[in-house]
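Have a look at the structure below before the remarks.
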Amino acid sequence: MSIATTFGLNLLQLAFVVGLAPLFSGIAGRWRENIQGKRGPSIWQPYRDLRKLFAKEDRRSESATWIARFAPYAVCLSPMLVTLLIPVLTDFPLFGAFAGDMLAAGFILGIGGFFLTLAAVDTGVPYGAMGASRTRMVGFLAEPVLIVILFAVSFVANSTIPYIVQQQWVHPPAHFFSPAHVLVLVAFFMLIIAETGRLPVDNPLGHFELAMIEESRVLDFSGRSFALLKWGSAMKMVVLAVVFVNVLFAPWGLATTPVLQALAQAIIAVFIKIVVLLAVLVVVETSFSKLRLFRIAEYLGGAFVVAVTAMIAAVLSP
Amino acid sequence: MTWSLPVLGTAHFVPTPFGVFFSSLALIVAVPTALYSIAYLRRYAHEYSIGWFAFGYVLLLVAIVAVFCAADVVSFMIAWEVMTLASCALVAFEWRESRKVRAALLMLAMSELGALAALLAFLLAASPTHSLAFSTIAAHAAALSSTTRTWIVLLSFFGFGVKAGILPFNAWLPRAHPEAPANVSALLSGIILNLGVYGMLLVNLVLVPQDATLFGILAVTVGTLSAITGILYATIDDDLKRMLAFSSIENIGIVVAALGAGATFLSLHRLDLAALGFGAGLWHMGNHSFYKALLFLGAGAVDAAAATRRMNLLGGLAKAMPVTAACFLIGALAIAAIPPLNGFASEWLTLETLLRSAEVGPLAVKLGFVLAGALLALTAALAVTCFVKSYAMTFLGAPRSEAAQEVRRELSAAAGIGMALLAAACVLSGVFPAYMVQLVGSALPGVLHGRLAQALLPPFLSTHSNLPASFLRDFHSLGATIGAGLIPGRSLVLLHRGGTANPVVFAMSSTYLACFLLVLLVLIYVAVRLFAQRHAVREHVWAGGLHPLLPEMTYTATGFSNPVRVIFQAVFNPRTTENTREAVHENFRIAITRRREEVFVADRLATTPLAVATRATAGFLARMHHGRLEGYVLYALCALLIALLAIVR
Amino acid sequence: MNAQAFIPEINALICGFFVLSAFAMVVVRQIGACLGVFIAQSLLLALSAFVLGASPFSWHLYAVGIVTLLSKVIVIPWLLRRFVPGEIYTLREISQSIDVPTALLIALALALVGFVLGTRLVTAAPLLATQNVIVGLASLLIGALVLAVRREAVPQMLGILAMENAAFLAGIAIAPDFPLIAELAIAFDVPLLAFIVAILTRAVYRRVGSTAVGELAALREHPQ
Amino acid sequence: MILFVAVLLPVLAALWCAFPRSERGAPVVTASFIAASFLLTIWIAACTAARGQVVAVGDWVQVDAFAVVLMLAIATVSFGAAVYSTGYIAHLNPPPQRVRLYYANFSLFIVSMLAISVCVEPGLAWIAVELTTLLSVLLVSFADTPEALEAAWKYMVITLLGATVAVLGVLVLFWAQHAAGGTTFTYAGLAADAHRMNPVLVSAAFALLLIGFGAKIGLFPMHTWLPDAHSQAPAPVCAILSGVETSAVLYVLIRLAATFRAIPAVHADLWFAIFGAASLVAAALLIVQTHDLKRLFAFSTVEHMGIMLLAASITTAAGGIGLVWQMLSHALAKSLCFFAAGGVALVAGTTEIAKLRGLQARAPLVGTMLLIGALAIAGAPPFAVFLSELAIALAAVYAGHVWIAVVLLLFVGIAFAGMMGKVTSVVLGREDVHREIGRLPRSTAVVLVCAAVPVLVLGFWIPGGLAHLFSTAATEMVAP
């Protein structure tokens, strides 16, 4: 395989994530409404929102510095960068495969969060700072869960390279049904909910400032900045979903050779897998109510315990 | 340079690669700091002697280099003590301020006790050979009994731990570091802490290489606990410099934990993994030197401009001080382990090293490492919170006091250059990990020498015996070897090899990440420029209909860190003093004064009880000296009787 | 009957009186009486030296006896009368830190310790007179107690001198041929001591208004 | 002969002071005679280093390496104190009568101390020790305040109590030797006969001498007079009392140690270590809480006596070297401390720690020297005491007595912390502007600065001759 091919495939992955991210969030949005008995918006609504926002002027706070302008880019950047590192469509390593492993990917996802949090304070709105503080609370509570999951993964796969990890869960197949695997999945699922700010941790559709976590950070963004932020968070969701389905849960259906047909099949397979995951996510989401702020610690504490149990199971299993 | 002393033998200095690594790190930090000092010290010139400062500064640097080059216990201890005295003198540079003198004194006293414990460790190590030369001690270390070894580990770990600022004897650090002038704080956090690490490694890695796991376990445990307590207290602190001081505790904790992981692997005879641990620790230590010095210099610039270090009173300084703000941001990004900066690189390697307990080690080690890893992850996440808060509350948003509003300009160009140099060091050490790994690896002493590069920079182009051919082919085509020409035979990717099932255990290339970031950024930027509305307007912020939004109504640093305070209440165990005499106005309670005070855990658990016990004993002895002669005579009489009855056979 | 045979008995009698004088130092209440007891004790010491020096003849011991007579019986009382302010001798009672019965009990205990230790010593090696060592040791300890009991300058000093007497009482028995130069120096030391005490007492009297040095407690470590 | 000249020269100065109206010349005369004595001592030291010993009257008056190091310390400190006195005493402006008394007493006091170092006969040594007390009592009470008189009285009573106990010890020792058939009543003679002596007698002598001389050395718990006397005496006298007088008495005890060691049942080393450790521990803790600068340094003397006794309990050559070294470096450093404390008293009128602040701003020389002195005596490098204490700790570990090293290092550390805490609060901080600040006399200032030089130089360099003296002294101590 030539550098050009792998590089091209990497770009294809990027395009997949960047292009379909709004669609996935549209699908999730619509299903959520459906479950609640409403008709819901079109699944293409996010694309329309983005187009509208990109066309609008950018209104900025007086106190804002370049940080507030840069933050939306950073929010988009970090999931895109992670996309280059993980197996989205192929199960053979691509150009960015060794530029970072899962641990590094965790750190990379922090870039966007870091700048967005700064930007939230930068605008000078008290709600922004409040949201910043609260997202950081979720953030620092989620981090140990991630690392323990990685420990469990690394005890099983002896590697943190996602391309290798995805092989390990299915070779031998017993791994797939091991308690460690199941528990890792549960813990990671809980982590996705926390990281993407969904119920019961946060309500992305809430509009009461004092109860918001994630959304209050972006209150004072508009126009293209807001568009980038929305797109970025959708991409982050997809990236986490891809890690979940392709690396941890069901590493099947990926292209094993760099030929067009295999790739097309892979695109469809991955799309379906993510949609299934979204369905589960939406069901879970709608069956819980939002937790009080400091109860989130208990929720993530629970995730931590699950992860530790997974890890212990991984250590104890031969 | 040598000279002879009775009993103590010959004192001499011999530079080793290990010491040279530490000294060059010290000089890299010291030079920009000196540059910064030119501008910074002007504020002291009317009251204090700059000449003495310069003298102390140079003396300190000379002593530091001497410590790193010392080749025997006597010259080591002399250099060490001169270093301690010089650094305390610099902390107490503003000697008219009693608070600063007291801080320096606490530092001096605790360092001294630590140094004496370390000295005892040296003496124990020297006891079989009756020679104080390091080479002799190292050559005959095998003759030491296991009890002696245990004592050496404990004494050297906690003795040098005082200087390194790890629990439980680091109460001096959050007092002394903030009180020093900022350029001294930069040296203290950037260099002096490294000396403690050097001492620990000197004893436990160079002189008496441990085959017992004690050092490793101890270092991982204490390091992790230091890291988490350090960052917890840093996160809730309002004082910019004290926050940085607590964060130094955190970072050195991470360093020590990494070194402990290395030592544990060493005791399990996995030299490659041991090299990873020690390398990660030393690299993180160097990185910490860079960014902590940078951050302290930035904090000093803020302090000098706004005359306060309280984040609650700062805010919005980025506009008046763009250079400081930019440099501080780089420091904050680095310390918060944001890729592709240096803090990320070394912290990543540290965590990866802990993950390697998957490969070896008994179950207890595995579980311990998992807990340590989880706590370090929490630490890293809290560090993000801490530095988001401190950067945002200092430089962004609205100024929350008049002093902060009136800041107009930077400290000076020289200060800016000093900070920029350190920022550049942060970026370079992060973006070129392969170079750093080589540098650090070549500094590792003894059996570990060169192992780090072997473990992380496999020469793909020459030897690839145990890798599957298909994988190698892929790897080549992946372009991971781009940059191999820069360091012959080396790539820009850090990569740890495994077996056939897992050819790559972990890999990372912050060089690539940096390139990707830049390329993607340009792509997004261009796309947005091409397709988006470019018009932008500035407006007042919407604040629930309030207008204007007064500075005091915005979110404060204390508010920002409140979740941490609430969640980790058990650790902080704050003392709440409620003022019951609240003001009453027309039958309404209008004010309840409530003060919550978080006392540093090391103070609570170690320093205060020890100080109280010492003072109580001293008070008891003092009551002996009641001034009446009859009592004194009775003491003598009793002593006489006891001596006569006990001695006469 | 040979007079030589009575020497140990005589000496033992002297020693008995000596220990009695040591107790008396603890008990007596006037400074003048203290001085009197001290003079008596010094006389006993000299007597013991003469008696022991008689057989076998030892001019060392005679020298000690004469020096003691000269310095302790004549010079020191004169010095104390001459230099120390006269008023203090008129005091009816002098202040004590421990009341007399308690002091006596402690003295008794100390004497017991001294006797036990002295007995252990005298069996260890041959010497001129065993009583001297036992009594000397006991009196030495009692003398130290005098220092603790007395608060007046002169009695305290007499306590030191009594200790010295006790030490020499033992000394003449155990080291009869101790180099003369030492004895001479001791003979000079003691008057010098008395002289300095006298000067100091005068100064204290002048500065403080009394000679109750035991009451001086300004120099202390613990504030109150 | 030269020994007699060196020791007795200051007597001439005392005689000069006996003449009426000699008070104007007395300072210079005293200083110059003591200077002469100091120079002669250096010569004697050189002779001793070359020949092993200098004998004046065999078995009575002679010096060997150990003695000459002590003599050197005494002469050096005395010389400094004598010069220091010229300015210091004049500054106090006492009546002429007292000036003469002071200098006469001062010279004789120094003679008595030098005598301790040259006498090898324990009886003579005891007399010299007793004389040091008697001759220094009036120096202690020189200020003629109630406090000074109280201090002098306590000093006299406790040390004389000790002296009478010690004299009995000397007598018992003499008895023991003669009962064993020995005749040469000298340090060396005793050590040679020791193994034949009766253990009961030797142990009794040891107990009596340990307590008796211990009272004078300032061992815990007989040290109570020491902070009083050393805080009330004029600074130059303090320097001598603390710097060398206590060490000189300790010297006598250690000289006799070989005799006690010959009888294992006595456990002399154990008792040395117990009393040494007790003194060290108590003094270190007392330093933490004391309230007066001079008392602080006095407690530090107790601490150092403890250290030296600990060193004495290590019976190896290294321990001996450490002891001698410590004796010398303590003398130099402690005298510097008291010179500086005297400077504080002169410029600020008090040595009470709570009343002093920010001395550095108003009297930089005194402040700096006080800081250096405190660092030096507390055992910070690069000053002499650090190396000697390091040598002692090392000797303890080499000899297998790790606990000695532990106690030593721990409590030296605590004392260091306490001392630096007190001294920095005096020297640094915002100055007290209301306080009257006096001027330092020139001779005092000169001595203050010069006294720091040997402390600093010996902190990293020991001249070959001195090192030779140390090691010879150590062998004399271990196997006389």
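Each chain gets a letter, A, B, C and D, in the order it is written, and its residues are counted from 1.
Keep in mind that, in the parts below, a contact is a pair of C-beta atoms (placed from the backbone, for glycine too) under 8 Å apart; a residue touches a chain by one contact, two chains touch by 3 or more.
The shown structure was predicted, so the numbers you read here are calculated from the model rather than taken from an experiment.
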With contacts counted as defined, which of the two, B-C or C-D, has more C-beta pairs across the interface? C-D
Any idea how many Å lie between the Cα centroids of subunit B and subunit C? 69
Taking each chain's centre as the mean position of its Cα atoms, how many Å separate subunit C from subunit D? 30
For subunit B and subunit D, let me know how many angstrom lie between their CA-based centres, rounded off. 45
Can you check how far apart subunit A and subunit C are, centre to centre, with Cα atoms defining each centre and the answer in Å? 98
Per-residue multi-chain contacts in subunit C, two or more chains: 117, 120-121, 144, 147, 156, 213, 216-219, 221
Listing for subunit A: what residues touch at least two other chains? none
Multi-partner residues of subunit B (each touching 2 or more other chains): 619, 621-622, 624-625, 629, 631, 633, 636, 640, 644, 648
Interchain contacts (touch definition) - all pairs: A-B, B-C, B-D, C-D
So, in the complex, the side of subunit C touching subunit D is made of residues 117, 120-121, 123-127, 136-137, 140, 143-144, 147, 153, 156, 160, 163-164, 166-167, 170-171, 174-175, 177-179, 181-182, 185-186, 189, 192-193, 196-197, 199-200, 203-204, 207-208, 213, 216-219, 221, 223
Which residues of subunit D touch subunit C in their complex? 121, 123-124, 126-127, 130-131, 134, 137-138, 141, 144-147, 149-154, 156-157, 160-161, 164-165, 167-168, 171-172, 174-176, 178-180, 185, 198, 200-201, 204, 227-228, 231-232, 286, 289-291, 295
Under the touch definition given earlier, write down the residues of subunit B that touch subunit C in their complex. 619, 621-631, 633-634, 636-637, 640-641, 644-645, 648
Interfacial residue positions of subunit B with respect to subunit D in the complex: 3-8, 74, 77-78, 81-82, 85, 92, 95-98, 101, 104-105, 108-110, 112-113, 116-117, 119-120, 123-124, 126-127, 130, 132, 614-615, 617-619, 621-622, 624-625, 629, 631-633, 635-636, 638-640, 643-644, 646-649
The residues of subunit A that touch subunit B in their complex are 1-3, 5-7, 54-65, 67, 73, 76-77, 80-81, 84, 92-101, 103-104, 107-108, 110-111, 113-114, 117-118, 121-130, 132-134, 136-137, 139-144, 146-148, 150-151, 154-155, 157-161, 164, 168, 171, 209, 219-220, 223-224, 227-228, 293-294, 297, 304, 308, 311-312, 315
